[in-house]
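So, here come the structures, one by one.
After this come two complexes, each holding subunit A, first together with subunit B and then together with subunit C.
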Partner chain A sequence: MSQQATLAFLLMDAPFESARTTTALRIIDAAVRRGINVKVFAYEGAVFLPFASQIAHANAVHGRTVEEEDHPLPREWVAGLIEESARRGAAFEWVNCGLCVDERGAGQAIEGVRRGSPADFWKFAESSDNTLVVPTA
Partner chain B sequence: MRVLSIVSSAYRATVEEQDDTVIWFTHAIKGAGADVDMLLKGPAVNYAVMGQAVAPVTIGTRTQRQGPDVCGQVAGLIGKGVQVFVAEVDLERRGLAKAPLIDGARRVRDIPALFSEYDRVWHW
Partner chain C sequence: MKQYLIIETRDPIECRDVDAMASLAADLARSGASASVLLTDNGVFAARIGAATDALDVLSSAGVGVFADNFSLSERGIESASLAPGVRPATVDLVIDRLLEGASVMWR
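After this line comes the complex of A and B, so read on.
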């Protein structure tokens, strides 16, 4: 385990509003599938990515039921990354910026997510082989 | 580990922390021990121009007295030992080539050479 590489990520975009987030989560997924330890710090609107109350909906424009639509939910992607990391024996941490959570009322996160501060991101960066900041525009 | 943070999205989300959120974040990680410097580029070069003021804003019955004094927060970073570089080419593009900068802010032209001095470069 100690030989495994570790990567740190910082995400900023709120869910559903930018393709950058999907791309970032795909990069994280690729790292997880290689058994790489991953540390994610969610800043600003990104603290809503693991928000537990996200609900899938049907799509009347598409004429599809909720099951047929298979609406993507970022909380499920985050949970999936946590599960896949555990399955591969790699470490996975997701820290939400606590002040960002409080401002937005985003405290209800899925299991495996904890709140923290920018100091956590600095610790992540210091203890990782490299760091990718995925900013918002 | 030396880090260069690049800020190029200016005046974005200043309501969030009464500040530029990346400037605010940099204050926080500097306080946590980070060896971090900053490059202002694009419209963010205006953060370092001297002589700015932040007046209160009133919306309906609500007056916001504490505005985002981003220039002051950048000066605060310099006061904490953070080197703040300002992309000279972006000052020129905005007619600010001769504008006085806040104390300690340094104009920089050779940005690739600046990158080579750091272990990590984070472009926000």
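After this line comes the complex of A and C, so read on.
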């Protein structure tokens, strides 16, 4: 596309709790794979999506090792979105709500994530072609 | 023409508010807007033949297009042959298409 479109997304759900997050990230992935510029504002529990200290675990109940369990980690999905955007020459911004981060002690985010405020979401919406809000259930 | 896409993630049996979603989409279509619904996550349970919900009837009677997310269908073992008439399998690219077209996309 000659003039890249930009889409903004607001996420609110914490990781490991709801299929909504997986679906929302699949939608963002679809935008990234089309070379669309993406802006994500993570609010409330969603600030834990790019939390750098997420660790994969084994599954003792089913007798599987860490490698066999291959536990999915949202921080790796977010990192994958950032890498794929860069590979396609598209812009990708991920802003964590600073107050939400402080409340939860979620300050350790992966590279490429920055701290902001709800005003950033307003700026994202203003500067994007369209916006999708993914609220909590 | 104003365009709307409603993303419905909730099981119609677990959450009766799915009926309200169907009413909203139908009202939007009857008001002259282009309205469609994408069923995802447990929302795809409404897409099955014989599902105990009136949502699909309400939507089809108003001319609302109904799509079901392929991935969510596959996760739940729902095959295309099990889909109620009028429900079209789709990918989440539908959401991107609609957003780029300027539609109002509402997540439920």
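Annotations for the structure displayed:
In this section, the second predicted complex is superposed on the first by the 135 of 137 C-alpha atoms of A that agree within 3 Å, B and C clash if a C-alpha of one lies under 4 Å from a C-alpha of the other, contacts with A are read in each partner's own complex, and residues count from 1 in each chain.
Definition applied: contacts are C-beta pairs under 8 Å (C-beta built on N, C-alpha and C of every residue); 3 or more make two chains touch, one makes a residue touch a chain.
Values in this document were obtained by computation on a predicted structure and should not be read as measured data.
Superposition note: with subunit A as the common reference, subunit B and subunit C can be accommodated side by side.
In the superposed model, subunit B and subunit C sit 60 degrees apart as seen from the Cα centre of subunit A, a figure rounded to the nearest 10. When the shared chain is aligned, no partner comes close enough to touch A:T65: not subunit B, not subunit C. Look at A:I27: by the touch rule set out above, it reaches subunit C but stays clear of subunit B. Of the two partner chains, both subunit B and subunit C are touched by A:V133.
In the overlay built on the shared chain, the residue A:I36 is in contact with subunit C alone; subunit B does not reach it.
In the superposition on chain A, A:S53 makes contact with neither subunit B nor subunit C. Touch criterion met: A:S117 reaches subunit B, while subunit C stays clear of it. Contact with neither subunit B nor subunit C is seen for A:Q108 once the two complexes are overlaid on the shared chain. Superposition on chain A places subunit B within reach of subunit C only down to 5 Å, the least C-alpha distance between them. Once both structures are placed on chain A, subunit A residues 130, 133, 135, 137 are touched by subunit B and, in the other complex, by subunit C.
Interface of subunit A with subunit C (complex): residues 5, 7, 19-20, 23, 26-27, 30-31, 34, 36, 129-130, 132-135, 137. Against subunit B, the residues of subunit A that register as touching in their complex are 10, 43-44, 99-100, 103, 117-119, 121-123, 125-126, 130-131, 133, 135-137.
In the complex of the two chains, the subunit B residues touching subunit A come out as 1, 3, 9, 12-13, 16-17, 21-22, 25, 28-29, 31-34, 120, 122-124.
Interface residues of subunit C facing subunit A in the complex, by the touch rule stated above, are 9-10, 40-42, 69, 71-72, 91-93, 95-96, 99-100, 102-103, 105, 107.
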